């Protein structure tokens, strides 16, 4: 299946609602398709201006490597030079921490990724997960 | 004044509705703040994957130069090497055609820009204009 | 509120005066607006030629992330690969050490950032702070 | 001789005063040293946020090529691909139009360049020239 704009809008809406429910700082949420290209993005009022690049970097690394943020962070902690090299190969667009969340369909195929930034990386990932579940898809954080 | 996420969501919703009303091809719409940073973006189903960069380039040039897409296009037609050089100075992020629309508040100050891409540049600009007006702001196309 | 050129000139003048008072090495001082764009810059005689990029990198990271230099340095010390990745996402323009100082208005909103370079990072930050206070604004170092 | 910060401050002050005297739009003025590195910059209130890059591009091309903006523009009109190639070689930092003004000392040596942007290229150059003369130096527009 292919992620639609309706999926993306639901993911963003529910991720933001989760953030408010958890009293998180202002969130920025991006949804990328299976090719790593932006489908939709929203930055909440009060977030710092550079949040698009951070959200996109979290999601881009996830989808391009097929590896969610938590796994990327573990790899970065074990072998920092490897993730640095990967980042070079992708033009500096990889931010290897939680909050970059893979989106899978019912068959287990990666159909996109979500990037959330604003609060701690772990809480960012929880907000992403809430949005992905609400869209009837499976999150790998 | 500062452009809020609510402004940006209204602009995107109404620009997209205008596109459907005019039977335009699938649109992609970005809203940037007064510093050229992304507030919100949506890409309609059926649009090609690279539309974020085009929408962003139209809006980014407008807000960074304080010159809307139509004026940029005229300058590019008169002095192509100048707009090419400007594009270099901004890291290749300037797309100097209509559809990059300045957003002004009641006092005339530039508070952001909208970039629409998908149909002809002129029709893209009409969709942007509809969204900006619906948000109670003034468009310079 | 919006940072004006008069604010920026005061910040630079007083930061430089503080540097002379403290017998610091020649300073370079940049003031960025809330979107990370340069308002004003001065490099004192005797400073090395590359100081604009360092000053700008300190201030740019602060305003784009909404995180002052001291907090960025702590994050870099705890999780070096994260700040390296963030730097990639911002095109290599982030220098995560003290001397990148957030500027807040009376309501607490970030209205820009100051970057000072030339002496130790901590003394650079003190000079920035003096300038920001003299302009009637609040520094977060 | 070497351009000092005092020279740069005088150039900016008088270029801006000339702009007000001629009722020009808000100006942005940069002064580069003989190595093409920024000495000082100011952007007047009301100028669009991207003006540093344009001012810098005008001055950088002048000093790096030893050719003022007017001569660069003539070359661009005769041989657009040449100036495009030059721009590529300099990382996109050359804006080949008037307002990029060479600064020469009494012996005729190039000691830096001034970049002014905001009004028409020709008027930008006049403002730069006024500032350079006021600093006791010779302008080549």
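Think of it as A, B, C and D in the order they're written, each chain with its own count starting at 1.
In the analysis below, a contact is a pair of C-beta atoms (placed from the backbone, for glycine too) under 8 Å apart; a residue touches a chain by one contact, two chains touch by 3 or more.
Small disclaimer: the values here were computed from a predicted structure and weren't measured.
**Q** Just curious, how far off is chain C from chain B if you go by their C-alpha centres, in Å?
**A** Roughly 31 Å, centre to centre.
**Q** Nearest whole angstrom, what separates the Cα centre of chain A from the Cα centre of chain D?
**A** 43
**Q** Can you give the whole-Å distance between the Cα centres of chain B and chain D?
**A** 30
**Q** Indicate the whole-number Å distance between the mean C-alpha point of chain A and the mean C-alpha point of chain B.
**A** Each chain's C-alpha centroid was found; their separation is 25 Å.
**Q** Which residues of chain B are in contact with two or more other chains?
**A** Residues 33-37, 91 of chain B touch two or more partner chains.
**Q** May I ask you to sort the chain touch graph into line, ring, star, complete or other?
**A** other
**Q** Could you please write down every pair of chains that are in touch?
**A** A-B, A-C, B-C, B-D, C-D
**Q** Which residues, counting only chain B, touch chain C once they are in their complex?
**A** Against chain C, the touching part of chain B is residues 33-37, 91.
**Q** Please name which positions on chain B make contact with chain D in the complex.
**A** Result: residues 34-36, 63-67, 79-82, 84-92, 110 of chain B touch chain D.
**Q** Inside the complex, what are the residues of chain D that reach chain C?
**A** For chain D paired with chain C, touching residues are 4-5, 8-9, 33, 35, 37-45, 49-50, 52.
**Q** In the complex, go through chain A and note every residue touching chain C.
**A** Within the complex, chain A touches chain C at residues 47-50, 53-54, 56-57, 76-77, 80, 83-84, 87-88, 91-97.
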